[in-house]
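Chain nomenclature is as follows: A, B, C and D, assigned in order of appearance, with residue numbering initiated at 1 for each chain independently.
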């Protein structure tokens, strides 16, 4: 378990009163106890908490026109990190039909992870059969080696096919490609938005999880060093399910800062 | 309420023992009481029932190599049909942030309904604001007028963008385009697989539902006549969630027949 | 040199008087002397010969409404065939800037051969440097091994990316993928429409040519046996430049037959 | 006729000795007499002039590793400008089969202008028949109204479909969309790279030309004011044919300046 202190701040410029959805609070889970959690919005702005279809911690409300500042502060414990693939038993994957429904769901293709289209490519590169963990390990290493981390080379319409062909992107794109390739070789994979200790530069983060040996294992192809501590916000099929903000109208992010530190330091 | 008698038969040719998922039984719902429901598979084939993440009636198991015949027979009542848009109150759409979580989910773009990419087109054609029902009605009429129903012009990779540009497809493609355009104008829309009374030629069917005035309303752009009775199998974001069969291996459908009749006739 | 006798027949059903372009006659070239060449159209239909921008033998005119039958008969000599890659000197490719203008043109991406998007994939699989002929040979073998020849899995919008991902198609798609991969590794490649001796079933054919060692070498990934004799109709960047018919209106091909035989037999 | 003085400067950073193609000199044409034209490159760099397949003024050679500065200066006369559509006779388009070969070429779909895919959309919006000039005028006005000029929203893989759906881009994207829509309604259209008087901020420019009434007419949807003077560099199907630089290796543009002034001022 690692204790994390998280501070998130964003300045928004809203063109008008705008119905909005936010998903930026760390999920409260047995494996991730949240000891403190405060969301600050301008006086008079009501941001009602609710769970989305995946149980993700969401907020909804109307943001006023003009400048809006939001702050989120939390202290939590997490035992989520990457580098766990080597601990997974290298047994052959069980038949897909024996997987639980929530794992089967994450074998399906999705908006940014059209794994059906990438299936042949994935099988060529990483094999259609055999133990899952070493194949996922090779997916992660292949992406890390082949794809360049670069801002401004991808946008909200970029899919895993674009990233596979074009070989550049940001954390979201790395996660999408990892998910699509894993699904393509028969391994359930899902998207996670979250906070990451040690991320440079600090930012909201995205990574992915694969379902192996009865549990979800975190993977992150943006780094060849294990991520020491990850705090999950939301999960979903891909980034379409985990946007930190959705504005039904026009809103611009003019500033954002994220600080993730080991608590107690 | 309409009473329907449904008979579905399929002949499969499996290349080898194949983990398989099936979704072909009518959903058991208060609005759709199922009085009889029988699924026949070869002796020794176990097809375990389970609910997927959307609560859809699914089966899983291992299909043996070679010929496999499956039969499904049901008698049920349904009050689902199309032609209901004119009954919806023509009030302005409520702010998206007031929608229930399960409706918000169906505003998101998906594999075959990349509504984010089609948003400008949808708003140009059908308007971004105002009452929902007449705009959905125009979406349905526009698709019916512009898109040609034609077998062999689309396949499992065809998205709503292809159908919007290419103007031909089958029921699945009509539904995807309807969903993407409705989401693009801010109206939650989901995919439905089901059985349809009066479909010519008889087949499994796909249509879509929009969330208006607090409930889901069925729409079908493949016909300019209301569909008199629809029996729902599954719902989802798009066809990726509602395949009647998913084979984790190689299986071929060599014959399929669907009979839907008014029961008691 | 092989002497070929070619007979092409097509039945068309034109919805109305339709401006039309045809490109189906074998090119008259020093390397391909055409001894006899007759095009038959209904009385009163004038099909004016002209050369397109690539010098391809084209015809234009107005086809009448209703049934239109066209016949083309030719006798010619050709020394074009596949299987020549092994004869090319395995020297390193010269700098692109030393290539003649007409070869440089065929390094550019095109409608169905978006070689820019496939460059990373091509370089991963076949290398960015070194002698050209063995790399092209590996492109041809890779396509032959990985892509399934199948009617009905591609259409006029199918690009080399679709074929690379989906792994099935017809001769046109095999040629597009070969072209895109060769351009991606720095080797000029162009599309050829033509007649092929020994094609089974007989049909119009498409293949591709690469520019190596100062000349264009024919390649055909649809076969692992060398094609013994090829008669070129047109060349271009891809199929967009070499359609055998272009109707500015609605015309349907109701029947086509192609017979290619060794002359004098 | 307008006399223009053009100065172009670029600083390049080449990763290594790189075979390179340049296309940045104004075309020498009877309608565009070039009185002075000087290209400066570092001593020892030979940039051989040649014409590409469209007759465009091109250069090729090996650029050395490290910093490379290039300067181009020209004085020329041009009578090319936009705003000429209103002068075209509003007669119906002649049958496509009567167009000259070089116009027919520019009816074909191309890499960034997949006009085949956009044909239905173009016909819906602008009509399939009737006089060409007013329809082209509506294409230009529609693009100007609907598409936002914005840097960083498109890249070298952006096609007219992306711009049609996403509604933002730069001059290259505006030209691609104009070309694709015009071809889609049966009007030959080609891409032009060039220099533009009064462009703000100054830059290399791209626009398009349509073939109407026997000649090529310049159009530019990036402005609602006529462009007073345009100096053509190259023409082609789309930007794939008119890149100002093509490096067969890695080169970065670190600085570029373009000055276009009325000469004699």
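Here, a contact is a pair of C-beta atoms (placed from the backbone, for glycine too) under 8 Å apart; a residue touches a chain by one contact, two chains touch by 3 or more.
Nothing here was measured: the structure is a model prediction, and the numbers come from that model.
S.K.: Tell me which chains count as touching both chain B and chain D.
M.R.: A, C
S.K.: Comparing the two chain pairs, does C-D have more C-beta contacts than A-C, or is it the other way round?
M.R.: When the contacts at A-C and C-D are counted, C-D has more.
S.K.: Averaging only over C-alpha atoms, locate the centres of chain A and chain D and give their separation in whole Å.
M.R.: Using C-alpha averages as centres, the distance is 41 Å.
S.K.: Rounded to the nearest whole Å, what is the centre-to-centre distance of chain C and chain D, using the mean of the C-alpha atoms as each centre?
M.R.: Result: the chain centres lie 29 Å from each other.
S.K.: Centre to centre, by mean C-alpha position, how many angstrom separate chain A and chain C?
M.R.: That pair's centroid distance is 46 Å.
S.K.: List, in ascending order, every residue of chain B touching at least 2 other chains.
M.R.: Chain B, residues with two or more chain partners: 117, 157, 166.
S.K.: Given which chains touch which, is the overall layout a line, a ring, a star, complete, or other?
M.R.: complete
S.K.: Applying the document's contact rule, which stretches of chain A touch chain B when the two form their complex?
M.R.: Against chain B, the touching part of chain A is residues 19-21, 50-53, 58, 60-62, 95-98, 101-102, 104-105, 108-111, 114, 116-117, 156-157, 186, 240-241, 248.
S.K.: Residues of chain C touching chain B in their complex?
M.R.: Going by the criterion above, the answer is residues 152-153, 155, 157, 162, 166.
S.K.: Where on chain C does chain A make contact in their complex?
M.R.: Where chain C meets chain A, its residues are 117-118, 120-121, 124, 146, 161, 164-167.
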